[in-house]
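Shared between the two complexes below is subunit A, which pairs with subunit B and subunit C, respectively.
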Partner chain A sequence: MFGEQQRFMLFLIAPAALLLGLFQVVPIVIGANASFRDWALYNPKKTWVGLDHYRAVITDPAFLEVVLPNTFIFMILSVAGSLALGLGLALLLNRPFRGQKIVQTVLMVPLMVAPVIAAIMMRWMFNDQFGIVNAVLEGLGMEGQPWLVQRWTAFGIIVLTDVWLWTPWFTLLLLAGLQSLPKEPFEAAAIDGTTTWRVFSHLTLPMLQPVIVVCVVIRAIDAFRTFDIVWTLTGGGPGRSTELFSIYAYVLAFLNLDLGRGSASAIVGGLIILVVGVVMYRLVDRVTKS
Partner chain B sequence: MAMVREPLLFARLPVGGRRLLFGMALFAICFLFAFPVLWLILTSLRPESGVYYVHRGTEFTLASFVEVLQDERLLQAFFNSAMISTLATIFSLLVTVSSGYMLSRFKGPAASTWFGTIYVFRCVPYISWVIPLYFVAQSWGIYDTYIGILLPHIAVHICFFSWLMKGFFDGIDPSMEHAALIDGCTRWGAFIRVALPSAIPAISALAVLCWLFTWNEFLFALILTGNKVPMVTVVMAQFVTEMGLRWNLMAATAVMALVPAFLLALFGQKYVIRGLRI
Partner chain C sequence: MAAIVLSKLNKHYGSLHHAVKDVDLEIADKEFVALVGPSGCGKSTTLRMIAGLEDISGGEIRIGGKVVNNLPPRDRDIAMVFQNYALYQHMSVYDNLAFGLRNKKVPESEIKAGIDRAAEILGLHELLKRKPRQLSGGQQQRVALGRCIVRNPLVFLFDEPLSNLDAKLRAQMRIEIKRLHAQVPTTSVFVTHDQVEAMTLGDRVVVMRDGRIHQVGTPLAVYGKPVNKFVAGFIGAPAMNFLEVTIRKEAGTVVAESPVLKVAVTEPSSVALEAWQGRRVIMGVRPEHLVLGEGLLSRSFAAKVEVVEQLGSEILLESRVGDARVTVARVPPETAIAAGDQVRLSAQPGRLHFFDPESENVIAA
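Take a look at the complex of A and B:
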């Protein structure tokens, strides 16, 4: 039926397609089915309720006014922060100096740390009674803050943790990008005596743009689904004020034990990020082709 | 005529001063990046009574490590995490290297459909398929078993790693494979004996990343495992609530969980950097 080449192609992707089907497609279909039904974990009646769950999710003030803004603010701040820091460090590491290898190794440290561990560390450092941050602040004569029980300080710490975790990733990829740039334009600029800032904004940045865009897209999509650091740092609290989308869906499904509503919210979030993803894909396509 | 500009303060310093400033800035950056980990290690070495004032006092002890190592559930969790990470790395490389090769070497509707599928599923948030996967796993009888946590871990990397592998193979000139085909090599032969060896740096980079991702993963382990297959990250997150104020034990556990990742990353760093540069 198939030609030899088609068979070869099929064999190459068959295992991946099978696993993807069994562990992503099948669950998504089941979740979609559950999202239209009255499916409480303690009493799975499975009666059809139509779009009720979706209506409940998108009219839930907690979802509209807290969870969605939180998720997008988190996504933007975290990606922008780690991009800026990562780019700065990549530029720093791009020139040879003594001890560069050591600096590079130290800067890669957060890459190996599990998000859960990073969250535990931050929780300990920002502990209101015994944390080092408050100890230092008090030593400087300032007042310590109950960091994790106020909405915006807690949110700031979540962002900080994520930036700390992902800056090395940006550094690594941008450094690889910097080192693969052609040397000639930079040499020409050096002969012309161009200032460092102009070299950066007119040469480095435009030439690095494709790498930057790809990194930002990958990270933005990952940041949207962040779960572990928020869960370990604040559990979504104080109250529900630092909940991100993944926490919201998890709480509905496994703490409120409402699989129907939980699945509906997971699908709503999935659709939102899918739209964002498609827009970004267009962007990448345009940037890499031009 | 070019404007005569006042040199910046930095440039006016003598060379020695500039070096010193640069060095100090580097040291400050490194210190800030490493501080949380250093602080964790320091906390884990403090005795129970001294843990609340880590920055004061000079007593150090390994007692927290000894106490943590007696916890059987934790040892079990370390073993499970290590085993699942290793198996997941092997299988997900087997699966994604071939899928990435297909994406890179073939054009046409089949390849672009597969690429589109991968891109879309890469965007799907984990939570959207892990919530129902809990029920799938229960109805297939694989909830809280090795296989039930291993297979999703292989599946989750398919999209990202296929994409990365495609990029790696794109950077390898296919003319050697064409030559091999003309010499009578089969397609499989060209793939396995010609293309694979030149992709080894990229594959080792992915192996390091995959092991780290799986070892550090939390959400799947939280939802798909219970008491029978404890995983390190979940056990630690439970500690935060259960052990409450016993931060020295908490820190000791976290340090132990960091060690394998650090060793691997230190050993594998050059592969990752070399692999990502392709």
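Take a look at the complex of A and C:
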């Protein structure tokens, strides 16, 4: 049925396909199955309920008015923040200076920190009684804030933590992008009397655009699934005000032990990110081809 | 007025690499000077120092009487054409041409007039709306030239602009650059490793090696009177033949001889060679100055043909004279000759060059 070459290719693909099937496809199928049933751990009758769970999720005010907006605001702020900072740092590192290598290495440190650890650090820094931030503020004669028990300060700290974690990643990739740009157009621009800002806006940015777009797409999709830092910092609180999509699904499935509803919400989220992802990939295609 | 004066120009990269050594050169206003030499001879570095893209380690550069050592490139009023065109890939040809002028906030109407003129000269009209990657190499290089013209600078700098083009396009662009210089007379410095480009384009040719200038002169002067063995071998294609000979005087005539040949030397070389009697020197003769056949018996020598290259317009011969390889050019294409033939070659009178084997400087020409 297959030639020798095809058989060899199948042989090479088989282990990965097997793993993928076992740990991705099968769970998705089980999850999808669960999402159509009343499947609670304390009462596992598994009655078929059709689209009831889906209806419940997409009409849940908490999902529509808090979780979804939170998730997209987080995605936009985190990606925009770390892109801006990462680009700035990459531009600074792109010109040689004394100690450049050391600075570059130090800047990479957050990449090596586990997100949970970073979140714990942040939680302590912003602790209202013992945190260094309030200590400094009070030292300066200002009033300390209960950072993690107000919605928008807590949300800001979540974004800040994510930006801190991911800025080096942007720096690294954008720096590599900058260094791979041909240098002659910049020399031509120098001879043409171009100001630094015009070089940046008319040459560097457009030439770097393909790299930027790919970075943004990868990070945006990744940010959509963020769980660990939010869980560690606020657990979705105060109340449910900083809940992101992944927390919402996790709470339903594993705290409320309602696997049916949890699975349904996970699949809704999966569909949303699928659409967002496809749109973004189209964008990448357009940019890299033009 | 934009004469360029380089005095005692030096460039060091770190402490080990001395790329340009004491270069002195005066380029007159509207003159076209070609810097030529093998890779790593410092010609590009010299050009980039004139452009302001490289710092100057020592010496001085003046453009139009003004010392520009510490001026950034944009204040030197120069334009440069790069080997890989250096076009702004994401902009249309029109925007590429306009970019430098927009930097200076020139009104759009003036920009349009300037671009129209440049497009006229270079035949770019149909290309203005396209992006560089939709153009051929030759078209891209024309756009790069256009970008220089619209700026109307004091000086044009060319950094091996034709190297990325195929042979046919290169010949065509050579003519375009020559025509351009006639239409828009501007002081120009042209860097190339191709001696044909240097000879055909330059009002004067500057031959460099190892960071030093070896000879400056008109194309005819560097071809006809090379000052040393390097220049003699570098300029001219196919390259000059070199043979080791000993100088003697026989019956009042100066002769150059080796175990395999004996050639009578005519004036003026013979005068200068008087002092070299009994000593070994290097004799140089260009392939195109060798003639197949007896000629004057006193000037001919035997050779064995090894390779025959039929070019249609002429035959190139690779032959062996003793241990030395000797190339002969301009052999009439109909000549019946084959590898292995024994022939006699003779040099045209007054076309022999002699070099000191130690210093490699010319003894007489």
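Throughout what follows, the second predicted complex is superposed on the first by the 285 of 290 C-alpha atoms of A that agree within 3 Å, B and C clash if a C-alpha of one lies under 4 Å from a C-alpha of the other, contacts with A are read in each partner's own complex, and residues count from 1 in each chain.
Methods note: a contact is a pair of C-beta atoms (placed from the backbone, for glycine too) under 8 Å apart; a residue touches a chain by one contact, two chains touch by 3 or more.
Keep in mind it's a predicted model, so treat the numbers as computed, not measured.
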After the superposition on A, what does A:M207 contact: first (subunit B), second (subunit C), both or neither? second
Now for A:I191: first (subunit B), second (subunit C), both, or neither, which partner does it touch? second
Who does A:P69 touch here: subunit B (first), subunit C (second), both, or neither? neither
By residue count, which of the two partners contacts subunit A more extensively, subunit B or subunit C? B
Give one of first, second, both or neither to describe whether A:R123 is in contact with subunit B, with subunit C, with both, or with none. first
Where does A:G239 make contact in the superposed view: on subunit B (first), on subunit C (second), on both, or on neither? neither
Based on the superposed arrangement, let me know which partner A:V26 touches: subunit B (first), subunit C (second), both, or neither? first
Subunit A residues contacted in one complex by subunit B, in the other by subunit C: 193
Spell out the residues on subunit A that touch subunit C in their complex, using ranges where they run on. 182, 184-185, 187-195, 198, 202-203, 206-207, 209
Going by the contact rule set out above, which residues of subunit C touch subunit A in the complex? 51-53, 72-76, 78-80, 82-91, 99-100, 103-104, 147, 151
Which residues of subunit A touch subunit B in their complex? 4-6, 8-9, 11-13, 15-17, 19-20, 22-24, 26-28, 30-31, 34, 89, 92, 97, 99, 103, 105-118, 120-125, 129-130, 132, 135, 164, 167-168, 172-173, 176, 179-180, 193, 221, 224-225, 227-228, 231-232, 245-246, 249-250, 253-254, 259, 262-263, 266-267, 269-270, 273-274, 276-277, 281
Going by the contact rule set out above, which residues of subunit B touch subunit A in the complex? 2, 22, 26, 29-30, 33-34, 36-37, 39-40, 43, 51-55, 94-96, 98-99, 101-102, 106, 110-111, 114, 117, 119-133, 135-136, 151-152, 154-156, 158-159, 162, 187-188, 191, 212, 215-216, 218-219, 222-223, 232-233, 236-237, 240, 247, 250-251, 254, 257-258, 261-262, 264-266, 269, 272-273, 276-277
